[in-house]
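Chain naming follows the written order as A, B, C and D, and within any one chain the residues start at number 1.
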Amino acid sequence: MEDKDRPSDVFPDALEFVALRNLYESAVKQIALKFEILDSEFSILYDRNPIHHIESRVKSAESIIAKLVKRGQPLTVEAAMSSVNDIAGVRVVCHYIDDVYRVAEMFRRQKDVEILKVQDYIKTPNYNGYRSLHLDIRVPVYLSDRTEYVCAEIQIRTIAMDFWASLEHDIRYKADKSNLPAGINEEMFACADKIAEIDAQMQDMYKRIKESEKAK
Amino acid sequence: MEDKDRPSDVFPDALEFVALRNLYESAVKQIALKFEILDSEFSILYDRNPIHHIESRVKSAESIIAKLVKRGQPLTVEAAMSSVNDIAGVRVVCHYIDDVYRVAEMFRRQKDVEILKVQDYIKTPNYNGYRSLHLDIRVPVYLSDRTEYVCAEIQIRTIAMDFWASLEHDIRYKADKSNLPAGINEEMFACADKIAEIDAQMQDMYKRIKESEKAK
Amino acid sequence: MEDKDRPSDVFPDALEFVALRNLYESAVKQIALKFEILDSEFSILYDRNPIHHIESRVKSAESIIAKLVKRGQPLTVEAAMSSVNDIAGVRVVCHYIDDVYRVAEMFRRQKDVEILKVQDYIKTPNYNGYRSLHLDIRVPVYLSDRTEYVCAEIQIRTIAMDFWASLEHDIRYKADKSNLPAGINEEMFACADKIAEIDAQMQDMYKRIKESEKAK
Amino acid sequence: MEDKDRPSDVFPDALEFVALRNLYESAVKQIALKFEILDSEFSILYDRNPIHHIESRVKSAESIIAKLVKRGQPLTVEAAMSSVNDIAGVRVVCHYIDDVYRVAEMFRRQKDVEILKVQDYIKTPNYNGYRSLHLDIRVPVYLSDRTEYVCAEIQIRTIAMDFWASLEHDIRYKADKSNLPAGINEEMFACADKIAEIDAQMQDMYKRIKESEKAK
């Protein structure tokens, strides 16, 4: 059902940005579906789902344009595709740390996925304690008259890492950082370490429980 | 996943309109769920689903404001609630004509639904041939600290009527009606009649097939 | 949330059939997503969606096994993949007849889709009046350790054809055909013709309305 | 799209159990929608969503029957409704501990929700460290010809509690508990405590960050 009173679009001349977003949204849906398929393949082999949930986002046309303006780039699709590298993002939240690496490995092996860069912020956490496995990738998107190769950033992490990251996000994108509570960064770092310990312990208990089943 | 570059909202002072839309969206979700529940109740009793699909829409804050401006009304939530009567709409598309009336009857009997007005554009089609059963209703929406009673328009129609209406919609909301193809209104009217005949015939064949099963 | 009282599976030894279904379900999701992506690409180019809705289904393991038993085939995955050719089906329901062909054309042009067979039951309706464009296709499904090429049947049709087909389906899969109402097949055939006329007329009116807009 | 080869149902005479499950599924959908509506109401007032995700389940007809058999109860709908008290369950997973109580409070205040029992396993954790706020409730389900009052169990907890509970679930429903790893229960209990500490610390940091924003 359409809304017949909707005023005309904010960027009437931005049709090519609409098409650009559509391309990235198509990519993001395909990538999310790839992980869903891997998750159900895994669940048949090992009788449980490694993935807790999947989120995805594509920057709005306004945001892409805002970023180009901020960088003094021309407002073109080409500039957006080459210089705004976080247009498309997919976040895969897994139960255990091992799941993060297994799911990443399953994904990387796929013939139509090109891996551009891997950053393992789990083995080497960020300065503030941030943990996550990042893959910069490129996938084909099949359109009606051509195949486009689209870049996207994949973040794979555990539920516990994701919980921590949601608070870190609140801090990082706070408008004014001058009045952050004293010592909050150190506290966040320490908290990330404690969460990592719990992740390791839960993983370890899970394994011992599974092994005890087989030992029987 | 949030988009951290998203510019601030178009109507920064329109928080109360955001809350208004949220209220109507809540109403629309509840109404749609009511029909889904009736559909599955029906399917257990009669072994088929009367409803083909359900659509719903809530006017955007911009559209509500545009309508208030057009009517010279004050830009307040109260004015919107009292004078913009198509803020929330739910369309229920059924397979057969009998389903339209059965589903409407099931819905009307519900204790928490208040029927404000019934317009039967199937028995008495509109001047241009438009057919649909319209119910203006009011339902309670349970919020955290109060219960709001919200109006909405329900359109119940067959698939065939819905197909016709999609073309009629293109004509009705055409910016410039001066250059409509000659005779298009008459042709649409005649087409609506033919579609109604087919609806009646399909309904009749369906009944005879079902009766032949029981006759056995 | 799991249901801890669920009894063990009906086919405890049918794990390979579960994996088989999973493969076809993955294929079906990928195919449906391909059409969704084409639909949104189209909507950006032409400002409207050609596809009304998409349905899909995968035969249950029980159904696949039942079919193999009926045909005296061995109950193996290989036999299922080679002899049960309707395991996976995707139905794409479009607004107008032209949309059927445009969407099919957009889909066929995609590099990773292999077209095995095309049957145009719109140009040459079936004996009983059935209309639909059928494509037998094969698509790659990327798994963790290999790429499988999976067959599926695509049915593309208009809303009006789909409405007719739902009644025809009731007749075709009726347990006992001996007591069908007299003359029902002829009546269905005549009805299919009338529906095809309306489809053509609606398509024609739609085109004239769009042309009148441009003519301005 | 139906599957025409699907064999007839496992419990051909269990139509009333199908209707029973449908009733509970309707209840569960309504309850989940209530929480979605509260979540979006909250997000407008406080600019963030307290709820991370909602899960729900209804016991299968097979499970309900299995439970009745195990208890030596008659296989009737009445026996099921009165003696199987976990037929319907909704789990609401929140970000922070305060959210658990706020969401519960918003829900409890709703006029059409009857609270039967509250068990606060956060204030008083279970023997093994399990934490969650449980509400046994009753809600009206509006059917076509009557209103049924249906019981359901609501579990409200944080993401961190939910993570812990998923492992505890693996242990609790393990077929054979004789060979659980030595000391696993004590370790789980200790882990639940550590997770509770982190929940409290994250909650505390979140509050201080928000207050520092206002202090400005």
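Just so it is clear, contacts are C-beta pairs under 8 Å (C-beta built on N, C-alpha and C of every residue); 3 or more make two chains touch, one makes a residue touch a chain.
As the structure is a prediction and not an experimental result, all values here were calculated from the model.
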| item | value |
| --- | --- |
| Centroid comparison with chain C (C-alpha atoms), farthest chain | D |
| Copies chain D and chain A - interface residue numbers shared by over half, same or different | same |
| Euclidean distance of C-alpha centroids - chain A vs chain C, Å | 33 |
| Cα-centroid distance, chain B relative to chain C, in whole angstrom | 28 |
| For chain D, residues contacting two or more additional chains | none |
| Residues of chain B that touch chain D when the two form their complex | 15, 18-19, 22, 25-26, 29-30, 33-34, 36-38, 40-42, 44, 105-106, 109-113, 140-145, 147 |
| Residues of chain C touching chain B in the complex | 53, 95, 159-160, 162-164, 166-167, 170-171, 174, 176, 179-181, 184, 187-188, 191, 194-195, 197-198, 201-202, 205-206, 208-209, 211-213, 215-216 |
